[in-house]
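Common to both upcoming complexes is subunit A, partnered first by subunit B, then by subunit C.
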Partner chain A sequence: MKFTRTMTLAATVALAIGAGQAQAQYSDGTIKIGVLTDMSSLYTDLSGAGSLLAARLAAEDFGAAAKGMKVEFVNADHQNKADVGSAVARQWYDVDKVDVIVDTPNSGVALAVNQITREKNKVFLVSGAATSDLSGKACSPNTIHWTYDTWLLANGTGNAIVKTGGDSWYFLTADYAFGHALEGDTEAVVTKNGGKVLGKVRHPLNTADFSSFLLQAQASKAKIIGLANAGGDTTNSIKQAAEFGIVRGGQNLAGLLVFLTDVHALGLQTAQGLIFTETWYWDMNDNNRAFAKRMAAANKGIHPTMIHAGVYSAVTHYLKAVEALKSDADGGAVVKKMKDTPTNDPLFGQGSIRQDGRKIHPAYLFEVKKPAESKAPWDYYKLRATIPAEQAFRPVNEGNCPLVRG
Partner chain B sequence: MFDFLGIPPQALFGQLLLGLINGSFYAMLSLGLAVIFGLLNIINFTHGAQYMMGAFGAYFLLQYLGLSYWWALVISPLVVGLTGVIVERLMLKHLYKLDHLYGLLLTFGLALITEGLFRNEFGSSGQPYRIPEQLLGGNNLGFMFLPNYRAWVVVASLTVCLATWYVIERTKLGSYLRAATENPTLVQAFGINVPRMITLTYGFGVALAGFAGVLAAPIYQVAPQMGSNLIIVVFAVVVIGGMGSIMGSILTGFGLGVIEGLTKVFYPEASNTVIFVIMALVLLVKPAGLFGRTT
Partner chain C sequence: MVSPGYTIGSATTTSATPRHQVIAFIGMAVFFLVAPFFIYPVFLMKALCFALFACAFNLLIGYVGLLSFGHAMFLGSAGYISAHAAKVWGFPPELAILSGTATAAALGLISGALAIRRQGIYFAMITLALAQMIYFFCLQAKFTGGEDGIQQVPRGVLFGFIDLRNDLTMYFVVLAIFLAGFLLIFRIIHSPFGQILKAIRENEPRAISLGYKTDHYKLIAFVLSATLAGLAGSTKAIVFQLASLTDVNWPMSGEVVLITLLGGLGTIFGPVVGAFVLISLEHYLAQLGAWVTIVQGIIFVICVLTFRRGIVGEIARLIKRPL
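Moving on to the complex of A and B:
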């Protein structure tokens, strides 16, 4: 639409104006971190302003100022459009002297930024985007995929469900890179375990009404309706599935990617019993709770999601690597240093980064509590199983990543 | 039994019915736009935000005052309508003599500001709102499970749409309104307070959006961007039906809901573009829209 184009243009102009104050690089004393995320649409609460805040907290806790490192932040809204995201990334790298881009939910945008980052030899730390291609066929010596990916979600949740009898599936898939990746990865798990996929329907991103798709899923008689979507799309699907009596009719929903903020938006009454996989939850230990308290206090009470925690962890490790190298000029060298150094931070504990750019840590299978089990606001999950770090992610030789082949 | 392009007839009936339900939102919103455009010559881009305010109104009433859905159905549209009256009195009335574009820019700006404020305050993932107890559950119609609430949405929307059409096209009050659009000076000479009538009309059109918002609250998430997702489609509906035609926008609203519903079965990927394809085709053949009059 014309207005969208005008708005994009306006955003670009605004960026261009901001470009006047270009800063020097770390060699001149400044490390510039760009948080590129969704600030206005369906992924805002699970990433958005919280991600910027988490990145700031990471720099603060690292004690960058005391160590004589000057860290600056910029942030932008990619509006879930790959072209807008690409324009911002180029602008940041070419003109604004940004050294590293972090977060970036929406796999379509992330894949575009992944490519640009490689061309410019900068650093891209992905927490928000899900597609497992980022450490697979699109892997790059300049990108680290931090928090989770579609393979993890598919295997964590898919395995658990197929093994408890959910052996016929129907997919509701968001029609873009992320949805396709999640659907494909889950389908592989289902068929590998002897299950069947009876059908799938692909809906446009940001759909309000799912009743038509749900009716098709209902008619398929599949035992499990797999939601290969995220954010507002997932909450709307779950809410309307309850309305249309899907679960009462004997079918079950599998939310393949569900965030804490989605559960909060649905309310426990609607969300109870959902099973899904995440890599971080605020109420698991004292460090996490302390982080959640700081985040909530500064972010309208919103408790941090695993994406926020991932941003914190990634920025912490990045700053360590830059400190060790005493330079942030060569993005490839910084990422290499990050891979060579074991990770250790308060939120994810000890971990490592593989050659394909995959950060490794344990994952958890959660179930949403019943309203009676929840003792406080944001007390939503109970732990069903822990997936050890070495099993949580796709084996390094199965991803077709050119960096590890041969 | 016969199959239609591989879709069993049961499924097809179900999809047609769902299309009608979605169409009722299109119809109510495009009706409000048509009323406002017909009498004020303003393209009300704030309509989506006002629809969102209606839904949030219901949420506030329940959350802070404990008032049920049924109260919200009355109070929320009234309050949203009142904000419309204030906007008309303070801003819009200065723009009637200018080009359409100014009204469009003003209302578009207001929509962005309103949505931004709500997003800043309540985040993007939305607030939960439960279906009222009296309308929980549903009926098995043989070809589909129809939730009671969805049936209620169609009935409520049809009633409101037809009542509005009747008032504007068939009553004395409506004839004043229509006369005032044709020749305000002359109507004023007969002792009718035209500016007040225009203010109330805008308030009414906005209240319609608020009403649709309350109806939508239990189905969709009550979220700041719920209106902007819908409004572009609704504008396409108005363009297809013909700007300013009351019955046209009602019929087109329901009709396009059905077409969109069918697209979700045959080619789901295109379900959010099909309406714009139809709009382009209609504009090529009948530039004034299906029910529009060329003047």
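Moving on to the complex of A and C:
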């Protein structure tokens, strides 16, 4: 079988030469999707295994196999450390021939991966990380920031609260990129609407004991204690605030970033009345409910958060772009194609991607139901307002993104 | 402290370098020269940085008998300074690495002067306390970027003509730095100064009675160890283009103890072997996430229970020669 041997040799050589040189349509014959997320710590419920599952479902629904596209998945736990995350990203791109990294909650890690992706000309689809810098001063021709960002959260929630009388604030902030960005964006909204920021305290990521921070917030006498943190930190601070009687004492908590899984962890008794902004909720239409049913069945009953939905939507659009280009080798070209094509998927409907890498879709202001109002498990939110797509995100010229300035 | 299997005053520890150590060294150097063509260079660079870090640590515990539990402060703070110098001040990589190393040396002088006044567990606790102070400083200071660390550090161009953006070029620079550090330690151990360090390790009152100012020797050894740890940290920051809290936090101080014990306390090659074993474990078990630390813990227990001298220490015992 001389022919086969030659083929094998050719394939080996092609593999050795690496991505971009392969003889098949797709670099080394497969589209390899790396899900880099938090598999063990405070963000694992809101992203974690669910994100990997959502990415798999997206490839399945896209019918990749039927279209002759071989899609493979790898995943890793970045342990919320920028050094671990960047080492994994580097190795995925250099050795494992990963074409695209998705999800990546934790803004610190996401910023590091953002940079490496740009250097290696691959694709980075952010669903989990929040910092609006990813489509602002750190924007990159290889990154799309999909689901939400800190500007959106600050404006959605901050506006609503200041307008209903919450005009003096004290911030409890997670001490890293995400917390700082969320605090800064919210502070801008509060002061713009005539409110005051009385003070702020920063806590380390993944804190177990919030008592000293909460006591400072209580002593500030601010009407609103803004929680510029996420995941386990948010649920911990809300629970402990309840123990200190902060809400009974007349101060209100504003969870600036609250996920469905956080509400589930808190229970409606504690979480009721919280107001926050999200871009997706499972119980809004039939498509979403169908997706939630599939996700919950395969993920220990955990209903999908907006991050999971964002991963699904992003991977779907990525596969469409790769199919249209018939190649996944040039990350910059794939992202350009993604930006040029309007988005359309069952979960987020129709939308678009701006030149700065910001995916555009509507956002929603939700309020957590009272225990009596909830009719079924995971029935937690009621819709207070819809923020139309064109108002939901930061105007493109205010982000200082170098890609759109000139 | 665990005796490394040979005693001072025997023929093998005189100033002349034993031939089998030279052979082992050449073997190691050849391996590192060829390795990047078969193994992922970024992984090798990480292992080399940790190997140098562990060698520096071993100089202190293996040859002076001082267990420092705060060596992360030298690794981490040097990394921060080196990253800051390269990124914000625009230093070329050689100056960035030097400034990081100098910072570690200064820090080593201050913390060493305090710590060597006590021995045993008190020495370890003082170094740990100082390291935690440095950690807190790095968490809160503006220039370190808190949880994010200093990111996007440029690798730059070494001496104005060696472009470090290529992984392979960077690798050989790291290898050169590692070998220089390793040879320095090698030389120190075999010098008359090294003999006195070992004398202090074996019996400090006796060294004092012979007229040696042991505090001076201990302080110099501490500063040397801190400086070399800082060299490893500075290089690591340039390689990974990142300085983060991981390097300055206390688990890092524990990890270097583990590396040294695993490889062989008080052996020259032990820390290098230990670093490669441990970094490989971390690398290939990364899929297990949080379980990595549990696996490491089990390995540590097995190592301490079954081969107390460490990998290289046991080999040295078998061939009846120090390595």
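In this text, the second predicted complex is superposed on the first by the 379 of 406 C-alpha atoms of A that agree within 3 Å, B and C clash if a C-alpha of one lies under 4 Å from a C-alpha of the other, contacts with A are read in each partner's own complex, and residues count from 1 in each chain.
Convention: a residue touches a chain if its C-beta (ideal position, glycine included) is under 8 Å from a C-beta of that chain, and two chains touch if they have at least 3 such contacts.
These numbers come from a predicted model, not from an experiment.
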item	value
Side-by-side fit of subunit B and subunit C on subunit A, or clash	clash
Which superposed partner A:Gln216 touches (first subunit B, second subunit C, both, neither)	first
Per-residue contact with subunit A, leading partner among subunit C and subunit B	B
Touching partner for A:Ser127 - first (subunit B), second (subunit C), both, neither	neither
Subunit B versus subunit C as contact partner of A:Ser40, first or second or both or neither	both
Touched partner set for A:Gly231, first subunit B, second subunit C, both or neither	first
First (subunit B), second (subunit C), both or neither touched by A:Ala82	second
Which of subunit B and subunit C A:Gln240 touches, first, second, both or neither	first
Partner chain in contact with A:Gly249 - subunit B first, subunit C second, else both or neither	first
Touching partner for A:Ile302 - first (subunit B), second (subunit C), both, neither	first
Contacts of A:Ala208 with subunit B and subunit C, given as first, second, both or neither	first
Intersection of the subunit A residues that touch subunit B with those that touch subunit C	40-41, 175, 204
Interface residues, subunit A side, partner subunit B - complex	1, 3, 40-46, 48, 175, 201-204, 206-209, 211-213, 215-216, 218-219, 231-232, 235-236, 239-240, 243-245, 249, 261-262, 264-267, 269-270, 300, 302
Of all residues in subunit B, those that touch subunit A in their complex	8, 10-11, 14-15, 18-19, 21-22, 108, 119, 121, 123-128, 130-131, 138, 144-145, 147, 149-150, 219-221, 223, 225-226, 229-230, 232, 261, 264-265, 268-269, 271-272
Partner subunit A, residues of subunit C touching it in the complex	40, 42-43, 46, 139, 145-149, 151-152, 167, 240-242, 244-247, 286-287, 289-290
Subunit C-facing residues of subunit A, complex	39-41, 76-77, 79-84, 86-88, 90-91, 94-95, 107-108, 111-112, 115, 174-177, 180, 204-205
